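Residue numbering begins at 1 within each chain, and the chains themselves are lettered A, B, C and D in the order written.
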Amino acid sequence: MNDCFPTDTHASIAGDTIARAAIYPRNHLAKLSQSEVNTLIDQTDQGLYPLIRKCVLAVLNSGVNSDDGAAMFARFAQFSIEFERDPRGLKLILNHAPAHAFVDGTLIETIHDHVFAVLRDLVYVRRLQSPQAPNADSPTDLIFQILRHAQVFDRSNELSCVVCWGGHAVPKEEYDYSQAVGRELGLRRFDICTGCGPGAMKGPMRGALLAHRRQHHNHGRFLGITEPGIIAAEPPNGVVNDIVIMPDIEKRLEAFVRVAHAIVIFPGGAGTFEELLYLLSIRLHPKNATSALPVILTGPTSAAPVIEAYLQFIEQTLGPEACDMLSVIVDAPSDVASAVQAGQGRVRAQRIEQHDAYDFNWTLHIPAELQTPFDPTHANMAGLNLSKDQPIGALAIQLRCLFSGIVAGNVKPAIQAAIHAEGPFSITGDPTIISALDRLLNQLVAEQRMKIQGDYEPCYRLTLAS
Amino acid sequence: MNDCFPTDTHASIAGDTIARAAIYPRNHLAKLSQSEVNTLIDQTDQGLYPLIRKCVLAVLNSGVNSDDGAAMFARFAQFSIEFERDPRGLKLILNHAPAHAFVDGTLIETIHDHVFAVLRDLVYVRRLQSPQAPNADSPTDLIFQILRHAQVFDRSNELSCVVCWGGHAVPKEEYDYSQAVGRELGLRRFDICTGCGPGAMKGPMRGALLAHRRQHHNHGRFLGITEPGIIAAEPPNGVVNDIVIMPDIEKRLEAFVRVAHAIVIFPGGAGTFEELLYLLSIRLHPKNATSALPVILTGPTSAAPVIEAYLQFIEQTLGPEACDMLSVIVDAPSDVASAVQAGQGRVRAQRIEQHDAYDFNWTLHIPAELQTPFDPTHANMAGLNLSKDQPIGALAIQLRCLFSGIVAGNVKPAIQAAIHAEGPFSITGDPTIISALDRLLNQLVAEQRMKIQGDYEPCYRLTLAS
Amino acid sequence: MNDCFPTDTHASIAGDTIARAAIYPRNHLAKLSQSEVNTLIDQTDQGLYPLIRKCVLAVLNSGVNSDDGAAMFARFAQFSIEFERDPRGLKLILNHAPAHAFVDGTLIETIHDHVFAVLRDLVYVRRLQSPQAPNADSPTDLIFQILRHAQVFDRSNELSCVVCWGGHAVPKEEYDYSQAVGRELGLRRFDICTGCGPGAMKGPMRGALLAHRRQHHNHGRFLGITEPGIIAAEPPNGVVNDIVIMPDIEKRLEAFVRVAHAIVIFPGGAGTFEELLYLLSIRLHPKNATSALPVILTGPTSAAPVIEAYLQFIEQTLGPEACDMLSVIVDAPSDVASAVQAGQGRVRAQRIEQHDAYDFNWTLHIPAELQTPFDPTHANMAGLNLSKDQPIGALAIQLRCLFSGIVAGNVKPAIQAAIHAEGPFSITGDPTIISALDRLLNQLVAEQRMKIQGDYEPCYRLTLAS
Amino acid sequence: MNDCFPTDTHASIAGDTIARAAIYPRNHLAKLSQSEVNTLIDQTDQGLYPLIRKCVLAVLNSGVNSDDGAAMFARFAQFSIEFERDPRGLKLILNHAPAHAFVDGTLIETIHDHVFAVLRDLVYVRRLQSPQAPNADSPTDLIFQILRHAQVFDRSNELSCVVCWGGHAVPKEEYDYSQAVGRELGLRRFDICTGCGPGAMKGPMRGALLAHRRQHHNHGRFLGITEPGIIAAEPPNGVVNDIVIMPDIEKRLEAFVRVAHAIVIFPGGAGTFEELLYLLSIRLHPKNATSALPVILTGPTSAAPVIEAYLQFIEQTLGPEACDMLSVIVDAPSDVASAVQAGQGRVRAQRIEQHDAYDFNWTLHIPAELQTPFDPTHANMAGLNLSKDQPIGALAIQLRCLFSGIVAGNVKPAIQAAIHAEGPFSITGDPTIISALDRLLNQLVAEQRMKIQGDYEPCYRLTLAS
């Protein structure tokens, strides 16, 4: 027997929590006046607390790979937050917080930031939307104010923001490819903005971070824009260094488009396709005819079939001019980065010409229909106008609503219940549109992009208009 | 004849102006939303413009030695400002601005900052005091919010703020002495906060700046706190790098006391003595019995007589315990700095013990009478309670009002007119108080501290209470 | 047919080169005097060129995973460097350099640094070792001067240097484990120093880099110390941001030990075990009895058997006190980091007590035998004194020579030829030592740690001393 | 009697010393190897110590206004330095150092820097000039190496170095004017390089420092270049933040010219006129015909007569083309700065065209006669060739030697003794030259620029060549 041999074992901290931890803000919340602290504590008493708790718990799970928000909440059911006033300002007590957010008893710095970012955004939005707020600003103005308040503009590098969209659960080839694209973007010193979570939201950030380092670029930004409805299911990945919580999904989408200097779309399921249609709805609007924003659809060779399916659908419904709005690049990460780089010059020229801000694209016109939520009732779904007898842009908006409804029918409990009761949505339209739709949806089902595991039961029924 | 000899002459730019200059904000005003720019332009249309113009013109004269505000305004009568909206935010057009604010057509950086500081503070105060403002905060809360909004706290060094008070027109020995004190404070890396202008407001800053440099201290702060009523007569000296415009003189005085980690008072006239009484009124309040704030009264040997006169008056009216609240140091700049240094430790200990902020002294109690203006009518002056039959602190407040009235009678046109019509203020009080007052005022008159040039005609008449 | 569909393909740049690229130094070589440039160009003419070319080509392959140096050299056989003088200083022309070192025609920043680091170190060492050099300094002094000249000390963080040793080709579990250890070290803001290459030299760096970012630690250091004999086979991994080229393997090992504030050893083959014996030879020297340097042997559960084999051998030959010098931790990355953290305090205390530098451990005694190369001839190997009848430290040095010889017999062509001619090395020693050796070597062979692919033919024959 | 009144008095520290203070280097001397520390201590034992002591004592008097080096040395006669080795490197013990260099027992930071700058330069020059030094470099190469070693190039701003020459004892108008010129240069972000001391060496620095601050320019440089012979008489003024000690006066002058991007000359006595002739000797050399370096001669109105006298002399001896090489500006500080600014563009263009370094003007040709000292014996003075029958540049060199001799005759004890013994220098030359000389010297005498106090006894006698 060898008494030199170690008996140390790896103490699993799975499920472990830190009983009690006091933290102090370091952002502007560190400098609240005494009356402001009172107001904040009052607000958390008046209904804001559950939302704050949910979002704080999500960010305490930053860097943990999990898309099962429900499980996470169950695991840390005892977690709670207390707010204390202090002549120095605000103090938070975290009770039973996840141990993996701490190192030797101290919160990891970026998680500390995220916790106070949650508080910052939720309280600020509450204030902006209060009845006493000075004026009813436009949604765009509101988005601008939230981003500014989050100091997004203070820390941005010039014309460097590449927004990346794609699924949070993707095959390994596609994850690796998104990381390779991030690497090429990072070598060219671009920053990455995504929806905060794992998968194609993490790959580009991780690739870019390592590449920034190789280029001595120490102030790269990894901006995650999320909203309360999805943050629990998609906690920030470990690379995100700035997080903003928008009040709803429409403002989140608009925020992406306003801050982007280029948009890269990796393939995904119905949700990603909805985002692609959102973007086409904007680009097809006549006021945006000359927009310089580069939009690139890309993936590895293994994703070529689904990319081709996307394009066929777009061509058959919205026509070749809609296809022409997308740069399609297969299996060429450095070409993606070169296309973004080439586009940067055009974006700069256009911002200067239009006296528009570098940090926020005020000039882009976003139709009001895209700024208000679509409610996927059976009636609304049946009432969608899927005919070619309308401007292409209007059809694109209808199609975006259609995919929004399908996503809801696939994942949102309330809508699933309605479908259980009333049967699948009835979708009616022109024959060419319906047949293109049939082909695309079948392919998404076949590639398991509608549902990751198990058989997929469609939530829709397609019918030709008479 | 020598044709090598130069014909170049020094083109005087006295009276010169720059016809038109466009400037863009670099502080947070650089990032206004479109609706905010609209609001700002509306506000300047609604009565705020004259105040903005006056303050901007004052800061465009930064570094120019002049205490004749009226002459300055006359000289640049054509000066005007236009506000323009721009997708990028806000743009200002300065018409007929003083040429000495520019170098080769570009505004000097700190003057550029000051211009937008004016806008920042005037607009923000307007917003805070608007009827729609969320809640009626205390004056202290308001002061805190203005300072925070001006990012005073973001840029402060730890426990380093030495507030210096004294006259804006002082003899050369006293100016040089204030510079020597600044030098010793600067060698110890203290920052200086004053009322912005020349004289004893400039000397300590200049001394400290040069000393900071010798200590490799590159982020020293030279904070000027002013208010619209005096900024024209006391434009920022050339060392001030941060300027804050408080809405009125009481908030300005309170701001000094809340941000100070030590206060150094150089001798002056009735105004400086009013400030000294303001401070004693606070220190003598029982709630402030344990305050750790060091207060130092100092000057060169040539100023020893007036310092002695101050102290005699204080001893005879408020008693030796009031004198004990002042550290008196004559002709020893490094002793002043050592006393400030020694006090820093006590201030730190007290802030920690009281959980008070390092940047803002929330704990100090300021009596409500000191937060509201005293109106020096003949009736109010006659009604001052100058008897010893009251708490010392209460008497100190009455005396502070008395000197406030004398200052007004000396310099404010409206009050001077009232005295012209009704005769001097009648001041009645206990014999010991009146005789002490008589002695002090005579000395101030004799030393030409009541009026710099010409004979002084008293605005008061002292009477013993029957 | 769908004419929207992309025809872009991923242009492989494998084998591609950049025909000609001019680069200018940015380190101190940017500021050579005219006579120094002449000297440098003369030196490269006088025999230094092949060494420079080899090392520059290696660093141009930074981040490329390859341990086949010969293949790399064959692939870029046309690569050459020209030196040009210029009034501004020095200019390099790279001909036929690997395209993967460039982004859009510009060298990746860290590779640019590495190129000039090569030049810096090779030229400086030549100068230090020239006959005109002022004095014959000790090897330790020479190592110090090379590190200082490379500005290693200027950029170091306090007491943060964790040296990690281990194989460059390791199983995936061991690579992932080394990355997890790096992550835990990085979360505690430690820096990593390794031998520059892939495998267990890369894993800890990559883990730490991502973790530093999470802690807002933007100036982490990833120091690679290499030498001309191995740089081609182990080009710097993509995380290394500082590289130093020591003149030979003994100075490289000593450099590691002098700059380390802790040493973490991951399992490997005969080479790693040689390094472990090198360290024990030092630690067992009486002059180092109180050394505070933490040494941790660690690996994942899958590596527990080989760790146990190491320890058994050490116990049976050098005794339990040698084992006690190692902290052994299995499958517990955060425990490794905690042990390093705990050791940091002792290291600090000892440096202060001994008036030793934080950056360079002058006090540690390294026996002269470890500073001079061991030449593994058959005679030297046969002459090793493997008896217990000597101080433990002396035996450790003999054992280190033994493993050094085995490594050479396994991989160095000249030694392999000698073995082919004369048969395996004959190793003779005390029975307990020989049997311990037999057991350990058999396990290394069985785990394929002596040779990655194919059957291993031993280069040694063990014999009991009569 | 008033017992509140202070008894504190200003404890004069005049003559006070600090008994013993230990200081550690923070520059590269902080990182000496053990053998290097031994060498350094050996060197100080071998004759370098008196020079080091003298220069260190001078910099300990930084910021003290005194041009009486002898008095300073007498006052601190007990001052001594000890060197100690330490595993951490080098330690200095200062015994009986001037108290005014310390604040609360700690050396003022810039003085600390200066102390180790002295050591850095004196030891480095000793090494460069040792017999074992690798090669006999040109004086220019040596100057470059000394400046580089002092990190002058590392900290320089682009093309910003304005060298200012002028007397160390000047009338108040001229001092104020030099400060006003510095202010205008500083507002344009130029840096100042002078000879380190008071007067016209301090004014421009002080003006620029305050102006830099107004432009948020926090990394301005105030470089003083001195040499052991004058540092005691001209200790660094309090604004100098970088000091370099050249081995002799010729290398100091060459260093000024090589680092300058513009040269501003304020009026002075024979010494300043010698510098002006040095510069003209260079500019008149045919190889420098196209030099872009701006040279500006300037002063206030009160200095117009002496400027005119300079120009007349130059015109009458060297001709109008020599005058044309000077821009003459009277009483117009902002015109001086504008001229420097305008010249910056030409300097940049020329450096680029000639592939010359921005930081060091390698291309300028300096005749060998200017690189070697002139020894002002009676024979050499009598042998000066003051005829017009030679190239203008050659005459300029002769005239420069002449004024060098006059300066020595005025102030250097050894030369004064020779004159006492042998009578005044005999100066013979062409009638026009001699008469021009007579006129200029008379004016310098009349304006008390040859001797500050008392009557001036000429050290020369002018004779017409037969």
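Assume a contact is a pair of C-beta atoms (placed from the backbone, for glycine too) under 8 Å apart; a residue touches a chain by one contact, two chains touch by 3 or more.
Since this is a predicted model, take the numbers as computed values, not measurements.
Among the remaining chains, D is positioned farthest from chain A, on the basis of C-alpha centroids. Annotation: 43 Å between the Cα-based centres of chain A and chain C.
Taking each chain's centre as the mean of its C-alpha atoms, chain A lies 50 Å from chain B. Computed from the mean C-alpha positions, the centre of chain A lies at a distance of 64 Å from the centre of chain D. Among all residues of chain D, none touch two or more other chains. Interface note: chains touch in the pairs A-B, A-C, B-D, C-D. Contacts from chain D toward chain C in the complex involve residues 31, 33-35, 39, 86-89, 132, 134-135, 137-138, 141, 144-145, 148, 153, 354-357, 359, 362-363. Put simply, chain D touches chain B in their complex at residues 2-6, 8-11, 63, 103-104, 108-111, 187-188, 206, 209-210, 213-216, 218-219, 238-239, 241, 307-308, 311-312, 314-315, 320, 323-324, 326, 328-335, 338, 341.
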